[in-house]
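What follows is a pair of complexes built around subunit A, which joins subunit B in one and subunit C in the other.
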Partner chain A sequence: MSTSVGAAGPAPQGTGPAKSPGRSGPSPRRGPLAPGGRTRRLLVATALGLLALSIARVMADEPVLTSSGTMTAVLGLSLPIALAGLAGLVSERAGVVNIGLEGMMILGTWGAGYGGYQYGVWGAFLGALLAGTFGGLLHAVATVSFGVDHIVSGVAINLLAAGAVRFLSELLYKGVPGGGPTQSPTVRGGVSTFDLPVLSSGPDLLGRAEDTGLPVVADLAGILRGFTTDLTVFAVLGLALFPFFAFFLWRTALGLRWRAAGENPYAAQSLGVDVYRMKYLAVLTSGALSGLGGLFIVLFSGLYKEGQTGGRGFIGLAAMIFGNWRPGGVVGGSLLFGFSDAVRLRSSGSGGVLALFLFAAILLAALAVRQLARGHRLHGAALAGIATAAALTWSGLDSLPNEVTTMTPYIVTLLVLVISSQNLRMPTYDGVVYRRGEDH
Partner chain B sequence: MRRVTRVAALTTGVVLALSACSGGSDSSSDQGGSGELKVGMAFDTGGRGDGTFNDLAAAGLDTVKKDLKAQVQELSPDDQGSNRADLLRQLADDGHDPIIAVGFSYSEVTDTVAKEYPDVQFVVIDGSPSAVPNVAVKTFEEEQGSFLVGAVAALKSKTAHIGFIGGNESQLINKFHAGYVQGAKAVNPKIVLDDKRLAPGNSDAGWGDTQGAKVAATAMYQAGADIIYTAAGGSWGGSFPAAAAAPSRWAIGVDADQYNTVGDPKLQKIILTSMVKRVDNVVVNSVKEFQEKGKILTGSYGLKDKGVGFSVTGGFVEDIKSRIEGYEAKIIDGTLAVASAL
Partner chain C sequence: MRTRVRAAALALLPALVALLVSLVVLAVVLALIGVDPVTALSAIFDFGRTPRAQSNQTRAWISQTVPLFLAGLAVSVAFRMNLFNIGVEGQYRMAALVAAAAGAAVTLPAPLHVTFILAVAMLTGAAYAAVPAVLKVTRGINEVITTIMLNSIAVALAAYLLREYFRDPDLPANTNPSTSKIPESGRVPGLDGLLELFGMQSPSRPVNGFLLIALAVGIVVAVVLRSSRFGFALRVSGLNLNAARAGGIPANRMIIQAMLLSGALAGLIGMPQVLGEHYSYRTEFTAGFGFSGIAVALLGRNNPAGIAAAALLFGFLDRAAPSLQRAEIPPSVVTIAQGVIVLAVVVVDQIGRTRLRKAEESRAAGPSAPAALAEVSGAASTGPPGRTGNAETAGTAGNTGTTGNIGTAGNTGTAGNTGTAEKEATA
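This part shows the complex of A and B:
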């Protein structure tokens, strides 16, 4: 999954040097699979990751690491976070910091709940889109037109959204069966899902391969099967948004203007770009995408419940930073978070989470070997140290306290952020209030 | 520029103010009768109409208003629950006595406010123990009701494998879990029991986590469990749909008789029974106690006082009802003791 998305996006994982904003064209082409090429690097990394996962699964005897059930959960848990991350990305690429993502997502869940209750899944889709866009509009008016500090406006939207949905629910769900001040009735007609024919249903070839339990083969089959079962039309649409925005923002003229508004609005202005319009467009899009993130949370269980976003908007923000403000990276960060969350929720006891430590140890050991081979002794030794610690945790402990297992996703995110933060670069004018003609 | 800043500041102010009031208390004062009894009630987040806990308290308050001819006023906190103390003070300032605070989260707040109004009787439903003289705490013996639904689950399970999903690891949720396990083991000592908590410690993060609950429930159902008891506030919104998505899987509700409140025929079909907490009975009894004795004492309500129980709505447990009532009778007469912790 991450492979195809990352491969389509021109700017996967924040390892390469940051591009200068004015250079929209691709770097000189050497063919996608040439040595050192981006696609090839990504393929190698994915293959190594799969191998490490498979080794961890066999060594720890925890099928939960790669089972199709886990992967279906990963998709369901990652998608809302990834969309929130993408929403943050499109906004910050135009220079507007959006910490109102959580609030816009809350509005999206409410819109999806109400639209779904009234008109079914397509109503939910429209409701989420409209409600989210409304949140975006508020943020755009405050930050772009009135020059309010982006953080202040974002916080206000988070508070406003939480209050507004309660108010609306009390108003509209009074006496409605199944509805109430904190919840909507279920989505009318239910949410229909489908599986990929032949491979994941009917003959279920992937399911059979998964049942063999063979190293790598069963793991790969489990991952592919998980990502191709219980799909909704909207999930496919949501996934397609990542390559779309990767292409749109980095390969089209409008995308270049969009990013120019975030990198250097005064330069853009001097070249005739209407920066205000770009920022409005970006923040409205950001609201709509957050709303879609809310839609996936609602469709996942088929109803709106107050508090069901549970801070996923903020986690999306972390995924965006983790992904270095790039679509491929956002997907990677969200998958990482969704994966550790799914393993925690699905494993009985804490065995699955402990197996994650083993997986991390194998990955870090591989990284350490690479660093040492390149002569980075200090870096390599540090990584090897962490790898040893993780391996010892796995082998030395029989179980983990629930406090630790529930924190796993956050610990993982923090660790990866610490390790990868060296290469991060945000848009230059991100969060800076822009006033036309005020440059110096 | 200056003007723009001022407009901006104003907008932000208005936005913040709006957010403050929309989330704030909605009060509805009712002149219920001519009696002198003025009963105040402060709901937990969710308020009247939440379909479970608060609605039960509201039903009790309605009875108080009708049968005891009391004047009642009810308030709901904002969704962050940050203005609970203000609600209690407001009720006390308006001359209400007794004042009923609904929900565990009022425990500390009520102690603080009660010290400011020593002549007013406060009651916290589901609260933690209090040393303040004018605070009474009414709790439930959830382990007893949970024992019964645990027995239902063990009798109805075809796979001899059942599950429990809790909102967190608090003492309260552990009581639900302990009773459930004891009830199930009383029927079948070899039954397999899964236990998953959505959030650690006393965290509130597990009360509305529909995604987490659905993932956890789906995993249990796939692993062979066929009945799951969810004691995690609104997170039933994830575990019930998980049951409905798989063939011959069941869910057990909590607090209210969720067969009646869930509002979707597809979900009704999978609600085997509910462990009901009769908050309504406790509200009415507390007010009666106040009328008769002038004060309310701390106490806990079990099967004997009809504070907890199991529901039969839907008719899925008709065939085993008599066996469950047998356990109920034994618990009531004391021959069967249910521990509140494992």
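This part shows the complex of A and C:
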């Protein structure tokens, strides 16, 4: 079994040969924007996506597609999911499957509610971290120390968390004004928000650009402004975690050991890595990150409510698989879900959701042209067919039933999976119970 | 023969010890969170003072157990093929809605009518499970994602279908929507006199007659999994996909079949409620059995008898919620208890099995055998304890993993896996 314990395996999150000149690239002097480079492809894809979105916005006359309000909502909706996905990633990269994300997130929301009620927002932050980490500790003790099946332990944690938060609320919020068996009193003191100076506040250059309504310009301004207004310290911290873990797991020695525990723990063990310690570290971090995801949900509504997570732990799990166990992919999957959810929530009626059909039609038509130009006739024709269907849906329907728009983010995720090729590779020893020295 | 008895005892012993230990752990946890464990445990075991209350509690226990058992079966069939069907939740919701609507729309002689409704339910469940199965086989999409998404879609889709197409037209405008009532011929009669057989008083309402159907389903599934060609193919594919493929078992077809069977069984979960209690699908339909089913299947080690035991245990705890409330203990203790028991049982069981295996290995190795030989003979001759360890790795741990892992990660290697799986079938 080939492993990437040495620097042998293909650097998974590698930014391609561009950033490691001389090691694997044929021409060491290729810059990050060289043709065929990964960064360049990503930039081109983003630009084309923006163009398609802009065309869809103008054609459908639905500013909700790219307005800064929508984008602020995208950030708020995506971040908890992305953090749950990142939590799953750090754990599974060390070989421990974490189905308990939902439970740890529930613990995080409760911890945030209690900490916030007692000590304000920083209390909420600490409470979420501690409660989530406690869930991670349970999972680590069960799976790493006792070698219990990972799924069993995760399912048990989901059960335990749901029972524990109800119990704790019944115990601690009895007779507390605003609190009750299913909710906490409101978090003391709000979180202070800030905007990016000059661009999104004061002169508000981006806001002015957005108001022009010009194609592409207004859309880009709306997106940038949405992501730079109403920021909180916690949101910035949460966003910074993704590049941090991408760097930490794939560019540091500790990260290499961490992933080695998930790729081949026995090989790692033979090289002197303390696999148990790595796994403990990973699962505790996973719990803390899930708890942090819960914090954002609580801060959003200002208090803890039962059932607040709404299955976001599971959706984060899906985002992690969607993103092929990589931080960038997790972000992409969460943004996709968050964007379609935000458009649905922000649009009055179902116009915004229908405009998504147009957006999809434009993107698919572009993909179809590309496939046809490359000679993949069958694939191209299929894509063109789906694009036509999407365009017809947009032009033919006036409105969608309420229930159907609620399904939007789930259906979008499924459709993207169906259309995009699936070439996923999970960590080799993911979910396999490791016992030190029992490699037969 | 002696080894077989010994094997059975060894397989049961850890589970029993685990159950006892888990009760102790539960007591400690309860004490830690400030609940008097004696009061709580006695409330959980309290069936009431009057004979009538006792038979009512027994009835409640049975009615909690039946859907949990079916849910556990549904999840376990997919687990055997290393598929993680989180979508049981959505599958049984869709099935209950469509079956209730179809059952109300037709009139047939009694046994046919019930059969028809059950068939519709199983077909709907299977159809909803076919989506992730087909997507996995044709597009390689991980079934965990698809079933999670489809669960959320099912909630919205069922609400839409109920409001738009299946709503009882005679209902007043402002009431919660519900399908029309299924006529008398399509209802499963209650089991009058069942508890009286055991010398108890008759409960206020008879025991749900679906109990018998669920038992029959359980037996059929057990027989199919154990003795049929399909069951064998499923087990082999689940243990080692590559070995199965080499033996001529098509992997993709097994994925589809396992998922369809899982979905069909999931379709039955809502039926005790639809056919025996409400006679319709309503907005206040009980959700959540799909998720509890995962815990039940895992606790029961994917084996129908084990799942029955686990469902009884979960149902026993679920029915205790009112007793706890009467003892002024928050009923959420029940959920905590379930979580603690699942964790404690598997942890203790794991320790017990590891100990037993080591003991067996050193016993089989003997004092003079060379080390390498000991390893081999240990794996070959001490089948039972090693076997259970392996079956567990293959059945549950590997379910999200690629099957190639299991062969290498299993304790005694590929040959031991398949060989001992055969023993499981005959034991």
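Here is the rule we use: the second predicted complex is superposed on the first by the 409 of 440 C-alpha atoms of A that agree within 3 Å, B and C clash if a C-alpha of one lies under 4 Å from a C-alpha of the other, contacts with A are read in each partner's own complex, and residues count from 1 in each chain.
As a working rule, contacts are C-beta pairs under 8 Å (C-beta built on N, C-alpha and C of every residue); 3 or more make two chains touch, one makes a residue touch a chain.
Only a predicted model underlies this, so the values are computations on that prediction, with no experimental measurement involved.
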{"item": "First (subunit B), second (subunit C), both or neither touched by A:97", "value": "second"}
{"item": "First (subunit B), second (subunit C), both or neither touched by A:180", "value": "first"}
{"item": "First (subunit B), second (subunit C), both or neither touched by A:160", "value": "both"}
{"item": "Touching partner for A:415 - first (subunit B), second (subunit C), both, neither", "value": "neither"}
{"item": "Which of subunit B and subunit C A:389 touches, first, second, both or neither", "value": "neither"}
{"item": "Contacts of A:307 with subunit B and subunit C, given as first, second, both or neither", "value": "first"}
{"item": "Touching partner for A:171 - first (subunit B), second (subunit C), both, neither", "value": "second"}
{"item": "First, second, both or neither for A:428, with subunit B first and subunit C second", "value": "second"}
{"item": "Which of subunit B and subunit C A:59 touches, first, second, both or neither", "value": "neither"}
{"item": "Common interface residues of subunit A - those touching subunit B in one complex and subunit C in the other", "value": "138, 142, 146-148, 152-153, 156-157, 159-160, 162-164, 166-167, 170, 181, 311, 401-403, 406-407"}
{"item": "Residues on subunit A engaged by subunit C in the complex (per definition of touch)", "value": "1, 97, 138, 142, 146-153, 155-164, 166-168, 170-171, 181, 311, 314-315, 317-318, 321-322, 401-404, 406-407, 410-411, 413-414, 417-418, 422-424, 426, 428-433, 438, 440"}
{"item": "Complex contacts: residues of subunit B adjacent to subunit A", "value": "1, 4-5, 7-9, 11-12, 15-16, 18-24, 26, 45-51, 55, 76, 78-80, 169, 194, 196-201, 203, 205, 207-216, 218-220, 222-223, 234-235, 237-238, 241-242, 261-264, 266-267"}
{"item": "Contact footprint of subunit A on subunit C as seen in their complex", "value": "33-34, 84, 86, 135, 139-142, 144-146, 148-153, 156-157, 159-160, 163-164, 291, 294-295, 298-299, 330, 332-340, 342-343, 346-347, 350-351, 354, 375, 392-393, 396-402, 405-406, 408-409, 411-413"}
{"item": "Complex interface listing, subunit A residues touching subunit B", "value": "64, 69, 73, 76-77, 80, 138, 141-142, 146-148, 152-153, 156-157, 159-160, 162-164, 166-167, 170, 173-174, 176-183, 185-186, 190, 297, 300-303, 305-308, 310-311, 341-342, 345-348, 401-403, 405-407, 435"}
